[in-house]
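There are two complexes below, and they share chain A, which is joined by chain B in the first and by chain C in the second.
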Partner chain A sequence: MTLQVAPPAVGTVRDVRAGAQGQSRLLVVAEQECRDLWTSGRGLILLFLFSVLLSGVTYLTSTNQALNFLEQRESVNLVLQFAVAVGVLATLVVSADGISGERERGTLETLLVTPVPRRSIIGGKLIAALSLWFATFLVSIPYVWVLARGVGILGRALALGFCVGTLVAIGLGSIGLLISAACNSNKTSIAASIFLLLILFAPTQLPSGLPQGWFFEVLLRANPVASGLAYISSILVEGHDWTQDLALLITPLLTAIIAGGALILAGPRLVRLTRGVNAG
Partner chain B sequence: MTSTTVEAVRLTKHYDGRSAVEDVSVSASQGEIVGLLGPNGAGKTTTIRLLTTVLQPTSGEFSIAGYPATSSTEIRRCVGVLPESSGYPAHQTGAEYLRFYARLYGVSRSQARSLSAELLTAVGLEDRGESRISTYSRGMRQRLGIARAMINDPVVVFLDEPTLGLDPAGQAQVLDLIRSIAKARDATVVLSTHLLPEVEEVCSKVVILHHGRVLVSGSVGEVIKTALIEQSAQLRVPLDLIERARNVLAGFPGLTINQTAEQPEVLILAVDRPGTDSTHREVMNEVLAAVTAAGIPVLRFELEAARLSDAFLKMTNRGVT
Partner chain C sequence: MRAALLFALLVGVLTWLPVPVLAAAPLSVKVVAEPAHIETVLGGRFMITTEITNTGTAPSGEILAHLNVASIEGSVYVDPEDWSPSRSQQLSLRPGESRKLTWEIQAVNAGHFAAYVVVVPFGDKVAGKEPLMISPLVDVEVATKPTLTAGGALPVVVLVPLLLGLAAAGVFFTARRRGSDR
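Then we have the complex of A and B:
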């Protein structure tokens, strides 16, 4: 078989060389990354596992509620906190694969030789990772709805979960991509990201009966996941006003700004063929 | 009129003090196929990565299609690259893959669809465009990679080991494609490969790299000449006259005479001295004339042309020592 490459059709590809603009490369990358995440089955598997875990937690919570071990507000809070924490974990895992995974699969170089700005590549990957957070949040809505019936906190719980979760997901998704850019091995990147999340998540699981002094308070406020979940809890369980504990959102907000900012500013230096190579 | 599309002057790349590429100067013109040769670790891939702006040079300058190294976005817009051991998203179809890359160059959705169909046909994958890449053979993936490298109608196409791991039929298909890229699209093709006979066949220019440096560059003929590759010949005479033939030829300057135990009736003659192809041919003509004048019947006389592979081996071995 003899293969022949025909001359390019006038008015199509020649425009490409001239750099036809008008479409955001960021959105093109984001669309493809989302398609890769969801059609490859990775996103669906994570979502399925999330649903199974959330079903189990909701069942246990509602059983405890029926046995009067938990108040209804507490059970809503517990399920919502679980949904946020695990949803954010999934986002972190996906973003941790973003750059190191492409390096390992040998697909990064082909992306680097296109005229797409490095920031668009990294931005597109962050959007795709966040799509998993939004999907987990959508899955958790019916569970929260079932538990929150009759106490009039459904709207508040969902709005809280969405806002706090999105803020934390942006911060941790950005951290995941930073870790991924700094690791040559995908395994190292994912392991480091999960370890980070466990460190952040562990303080939130300490029994409330334990003595909690100033050190615990510092730990709580310095931790974007723990302080975000504490904010949810303060409104849903303790009935505080939206503005009363806003200080608890400082860490999640700062994390999102600093990590997201670092990603945007250092993006061109981060997205490179191998860690430590001075790429253009 | 052809114009210079690749111009690199004293390109150098160091990694942590270790030199990967040192003072590499290369130039190529429109429609030219340049073979980048060298043993493993010679700096071929690094050179391609430098010229495609994936890496930044430690020193030196280059321009692609008239754009200086500092205009990396413009350079990326006018080059097509098939990296060495390029990976492919296994769950995507070939058509989806090409459409995505077309859109990265600013092509609209509908144009990307027609462009991907056009390129899939060009590389002989029109029937497999809607199949997942995971079902493609290695040769099909390489052809898909070449199609992707053509998506922006590049001025310069860099192909890093495009025939690696392909069977002879697959290699021939890829080489056909390379020829037609240079001919039909008037693009410059920079081809890094280990297939020396094929380079000899398709490349108008050759650059041999060794330990990150250019050992020699020029046309295949010029490279062979620079390597001073011996022009050899085989002379077969009756076994009882072999010693007489040796004595007749013993006086020829620069002529080396060898014999093998397997074929004692054959003299292996080699000319090892500077000169053009015609000089070598003249020497061999004189050899033949002297033998026949001495009354020795010539049963067989075969001239063996010098090959690029000989030049490559000789030059890279010289580079090692």
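Then we have the complex of A and C:
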């Protein structure tokens, strides 16, 4: 059984006041979602685990004899790519819990009867998920600083990590919310999101010594995560100009636009009560 | 008798004469490498350029330029594949034509090395006795770099998770206490 709850009226497009109201409602939802994420300790626990992982990688790159031949720029690149990849994973996991989690906990009904447009609910949830990406980025700054000091690439590395990571996080966060809205069970939603991320990371794990033909190139360019990370490498390690490999950012940009657009357009129809695990 | 002598003379002359049509023209190329000397640090990336010129009068046919790296001091083990993942380039040159090839290399061992490019004929017509054309060696000196130390990274590696762990535990237990108070 599907219980359709009519969305509250938000007024016409021409009504500027209603628009401003909608914007403030979005911020109210975002604030509430962020409070839920951070004051419950969930966000900080994820951040703590992230920092433990990043500490391990940073310590390894700075002390391991086998990795010592790595040029310092490559060490920065390795840690930055790791930070972006895990930060995006955390964003995806949080966004994958967004709608299906509310359904499963039985709190979506309460949320839907509040005078907040469903688009604002989705937008607020996306902002909350992105707050985790921004937090992971802040945590990764000291690690990048430790490795990049003395090489003169600290500013460039941080700017790159922030821009590329934010782009990928918006795209994957939106996909996570779409998956979450489409799934009845939270387990299914999170499993599907992690599986999607594994598929996206798989090409980045291929040995660099393998012959890489046109198929690999297509795979790399069609994948928002792999192409975003390849863009970071091309600038940090190969010393390319910002504009030289800009084509690598097309897929992350398109993913953010298409998934974000789909979320805005289809969001109001997707956020609804369905027969979930706790719905009886 | 005279006819036999004439025949023997003819055979002798014919066998003595070179037969350029049947045998492949010997490979005649000149290989120049630049720069002659490179100083870098462990992990440093550098590029060498070789110019291969066909100095002969016949087309070179398919030839293969192959980069190699050897240690010329001490007993450093060198695996050239680690230094450069793409070490072979195939080409063919017309008489007088020259081609510049670039080789991207990363120094993965510290020490004193020679990098050089050898040009070999390529394809199924190679008989096995053709001479090799080798570039002059590029002298590569790789210094050990001041690597990152555990001491430099340790404060960040320990402090960041410690502070975040404490903050997470504090927030988590406060939230739990608040929940049980209700």
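By definition in this document, the second predicted complex is superposed on the first by the 246 of 280 C-alpha atoms of A that agree within 3 Å, B and C clash if a C-alpha of one lies under 4 Å from a C-alpha of the other, contacts with A are read in each partner's own complex, and residues count from 1 in each chain.
The working rule: contacts are C-beta pairs under 8 Å (C-beta built on N, C-alpha and C of every residue); 3 or more make two chains touch, one makes a residue touch a chain.
Computed from a predicted structure; not experimentally measured.
Once the two complexes are overlaid on the shared chain, A:S62 sits against chain C while remaining clear of chain B. By the touch criterion stated above, A:S75 is placed in contact with chain C alone, chain B being left untouched. Contact with chain C, but none with chain B, is seen for A:L44 once the two complexes are overlaid on the shared chain.
Set against each other, chain B and chain C touch different numbers of residues in chain A, with B touching more. In the superposed pair of complexes, A:L273 makes contact with chain B only, with no contact to chain C.
In the superposition on chain A, A:G106 makes contact with chain B only, while chain C stays out of contact range. Of the two partner chains placed around the shared chain by superposition, chain B is the only one that A:V28 touches, whereas chain C remains out of contact.
On chain A, the surface patch touched by chain B in one complex and by chain C in the other comprises residues 39-41. Those residues of chain A lying in contact with chain B across their complex are 1-9, 12-17, 19-23, 25, 28-29, 32, 36, 39-41, 105-107, 109-117, 273, 277-280.
Contact residues of chain C toward chain A in the complex are 42-45, 81, 85, 106, 108-109, 145, 147-150, 152-154, 156-158, 160-161, 164-165, 167-168, 171-172, 175.
Residues of chain B that touch chain A in their complex: 15, 49, 52-56, 72-74, 76-79, 81, 83, 85-89, 91-92, 100-108, 111, 114-115, 118, 122-124, 143, 145, 148, 150-155, 173, 176-177, 180-181, 184-185.
On the side of chain A, the complex with chain C involves touching residues 38-41, 44-45, 47-48, 51-52, 54-55, 58-59, 61-63, 68-72, 74-75, 139, 142-143, 145-147, 208-209.
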